[in-house]
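Both complexes below contain chain A, partnered by chain B and then by chain C.
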Partner chain A sequence: MRVGASILLKNGYCYQSYGWNRFRPLGDLQTAIDILDEYEVDEILIVRPIKGVDSEDSLNIDLKLLSELKTITPLSFGGGIRSNSDINNLSGLPIERLCLSSAFININEGFVKNAINSFGRQAILACLPITLIDDVICVYHSEANELIKLSDEIQEFCMQYADEIIIIDMSNEGNNDYFQMDLLEHLKIPLNKIIITGGVGKNIIRVAKSTGIASSIIENRVLHSENSIDYFK
Partner chain B sequence: MTTLNNPQFCSNCLYDNKHPFGLSFQEGVCSGCFTHSEKDTINWGERESLLVDLISQTRKNKKSHYDCVVPVQGDAEDYYVVSKVLALNLNPLIVCVNDYYMNNIGWHNLHNLITHFDLDSLVYNPEINTYKEMVRTTLRKLDHILWPSIALKSSFPVHIAKERNIPLVVWGQNQAIEQVGKFSHTDSVEMSKWSRKEHDLFGYDVDKVIGSGAQIDIRNLNYYRYPNIKNLGHSKVKGIYLSNYFRWDPLYQNKKSVVQGFVPQHNSASFDIYERAGSSVYYEFHDLLKLQRVGYRKVRDQLSREVRHGRLDRQSALELENHYNKSEVDISGFFNWLGVTKSGVEWFVSKRLPKVKHLIGSSENKICQLPADISGLLTNSDEPTREFVLFGKGVSL
Partner chain C sequence: MIDIIDVGCGNIQSLTNILTLLQVPSRAVNSPNQVKSNTIILPGVGSAGPYMDKLKESSLDQAIKKHHSEGKRIIGICLGFQLLTISSEEDGGTECLGLVDAQTEKIGSNQLRNCSHTGWEHFQIDTEYFNAAECQAQLGLTRKRKLKGRVFYNHEYGVCSTSEDAAHLEIPNKMYAGYSSMVVQKNLIGIQFHPEKSQVTGLNLFEMML
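Coming up: the complex of A and B.
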């Protein structure tokens, strides 16, 4: 199982998120990526935390920063990629995989197919931030900035077009070892297609390995101590 | 979250989104103030128990006479850290890097720290020509004269821990938490190469700083670099911050150092007579460069801290900042130390300090009324009689 790290990027600056509602500053993107390279994480997920309307200026700042990034670790990128022109702007960036959320939740087949045409199917990730409300799995729809029921149709669409699906435990994001593995029992997605993040820690990684999950992405904590990835692995 | 170029001000403290460590905002309150509020809800007894457990774990890797390295400068905070380390029943090795900026008060405070607590110590005097060339380089490139000493102080103690198989490095406060709330105290963040570069060294490493312009023999730069982190991992060296385990209140805890023989130093740029007492540059040229570089002086950090501790309201803090911002600084001592000619200084001031040159003068004290909650934590302070004492030996009894 792969073990990676995620970084939130907005307006050219990196942040940490706690519980989906509290942001703390982190720092410079290249400085963080340099050390993650040195820690030899298996992959890095860079996400723009967009809630509701995005700004073109903000996206352009982040894309420019990405274009200047130097790294040897495979990068996935997503957040605020909502139009075909956004897809076109991503060409030439040092990213291996594209992470889409609203497009999958909206079941926007034309847009997703266009992304596949540009990047290849193996490079497409669906991102589903989920939480359990009254025993119903809900997904955060970032474009609408609201929680909606995660339908079977959305899950089937993700399985049809995405190479892997990132499942974020919204409630436990940023906390150590609190990812609710029970959430996965509510999904129709096979475990070997799932990347988990949101409260991932050493014990969660151990459990995830035993269940055949494709990858675990640690959020804030990778940078909280030296060589942390060795500890997590 | 910071919004592009729009300035955003905290409604509680004096910081804005231009803080060099970065700040995030929620409902008008900055991440630093939010994180500070944790101090009133955290069970500090439980945190201390966690620290005791962590120490017993690291002791299992102990292959040295010493339990830990404690990096010091002779600051009031160092007295507090050493007190805590000894109370935790640890046997520390005190490690100091001579930054060649200490005055007679600074040397007294360092030597008194070592003798008062009866500690084993190691003082590193970096090769001075290389050091001065590093200072010239970082002044030229970064408007910073402390960068070389920070680079050494944040790496040399770690080298010593690794070389001598000492499993723990104990630091005092984590500035990124105390100032901007970059992490929760309960994250128990540890020392790391990333944190050093991001926070202490402002995103630069030695190689980037020296570039092609500095006349430096790179063989003299070993201790300016952080140790190889894989080797550190093999040696099981870790660094912790006590401010994650004890409720950190610098002004309150620093006053206690006076009874242990620490001498506070009066300065015209701040009310805080404890922090960085004993430096010939900290509230002088360094403070001026900080204003030029980041847009505010050291006193804003200290006033914001006091607002958060409830000893000041925001309006009074703004008035005090306005008062201290007018204080003039003496830069002549620094340039004499660096060996710059009078015409060289004039060129530098006119070309490189246009925004702050009105503050260059003599650092005279002007009376300022402080709230009782703060003045009650201050005490008598001294003026230095000798600045830039390169080497200080012994302690007067």
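Coming up: the complex of A and C.
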């Protein structure tokens, strides 16, 4: 199982967050990436935490920053990629994998196929921020800024077009070892196609390893030396 | 100087970054008359059909073949490696450059649907491997003879090489037996993993190859 780290990025700055509601600035993206390179994390996920309408200016600031990024660790990027021109703007960037959320929740086949043409299917990740409400699995639809029921149809679409599916435990994002493994029992996605994040800590990684999950992504607590990747591995 | 083929696909910047770390000058080229250096790199993030279409539209496919016929160095990475073969099963069947006597096939096509290979694998090589295929480093960046480490794979199609003229390394994982990790054939080097994103091992491999 791979063990990676995630960084939230917005308007050119990176953040540590708790439940995607409280943000704590972490400063410069390149500095954060340099630290993760040094720790030799297996992969880095850079996510723009977009709620509702995204600003083109904000996306452009973040893409410019990405284009200047220097790293020798595999990078995945997502957040606010919603149009074919956004996909075109990603070409040449130092990213190996593209993370899409609204496109999968909207079952937007044409858009996802366009992304596959540009990046290859092996590079496409579906991102599903989920939570359990009254025993029903709900997914956060970022474009609409609302929680909706995670239907079988959405899951089937993800399985058809995404190489792996990132499952974010929305309620526990930023907390140590609080990821609810029970959430996975409500999904119809094989564990070897799942990347978990949101409350991932050492104990969760130990459990995830034993279940055959593809990857665990630790939120950016891994930037602190006392929580370096060796400790988590 | 190293020319990196740029048709609007692929992580060009990742290659530029690692070559800059090694203090090797490089440039992205998008037309045949720009291809002038002794070594070209065909980078690899994308899909075989659209990538080959763009190579043909820009006539870069002919420039790459001419570069090869002149005995100059070509390094294909991931999809770039697969495009050096005769054909790929991707996108309903894609005719490729045909510079390596091999086919590119869907991984585990008879097993689970959407089977792919994403992750890190052990990697080990020594200079004898390159010497056996008559492929010598040209820039002398290192005296290292042996390299051991880990490399990052992300692919859903794999190269099945049968060429007797080439030196092969298989992916060292039983699940992907029969698929090439690396093929070297004189001036051609095909790499299935991403050395530009394989941290220290990737850096050291570039030093040995270049």
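Here is the rule we go by: the second predicted complex is superposed on the first by the 231 of 233 C-alpha atoms of A that agree within 3 Å, B and C clash if a C-alpha of one lies under 4 Å from a C-alpha of the other, contacts with A are read in each partner's own complex, and residues count from 1 in each chain.
Please note the rule applied: a contact is a pair of C-beta atoms (placed from the backbone, for glycine too) under 8 Å apart; a residue touches a chain by one contact, two chains touch by 3 or more.
These numbers come from a predicted model, not from an experiment.
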Partners on chain A (chain B, chain C) - clash or fit: fit
First, second, both or neither for A:67, with chain B first and chain C second: second
Touched partner set for A:212, first chain B, second chain C, both or neither: neither
Chain B versus chain C as contact partner of A:2, first or second or both or neither: second
Touching partner for A:52 - first (chain B), second (chain C), both, neither: neither
First, second, both or neither for A:31, with chain B first and chain C second: first
Shortest CA-CA distance between chain B and chain C [superposed frame, angstrom]: 14
Touching both chain B and chain C, residues of chain A: none
Touching residues (chain side chain B, partner chain A) in the complex: 1-4, 21-24, 26, 31, 34-35, 180-184, 187-195, 197-199, 203, 229-230, 232-233, 238-239
Of all residues in chain C, those that touch chain A in their complex: 6, 8-14, 17-18, 20-21, 28, 45-47, 49-50, 79, 114, 116, 118-120, 152, 154-156, 194, 196-200, 202-203
Touch list for chain A against partner chain B, complex: 10-11, 13, 15-16, 18, 22-28, 31-32, 34-35, 38-39, 49, 55, 57-58, 61, 220-221, 223-227, 230
Complex contacts: residues of chain A adjacent to chain C: 2, 37, 40, 42, 67, 69-75, 88, 91-97, 116-123, 159-160, 163-164, 193, 214
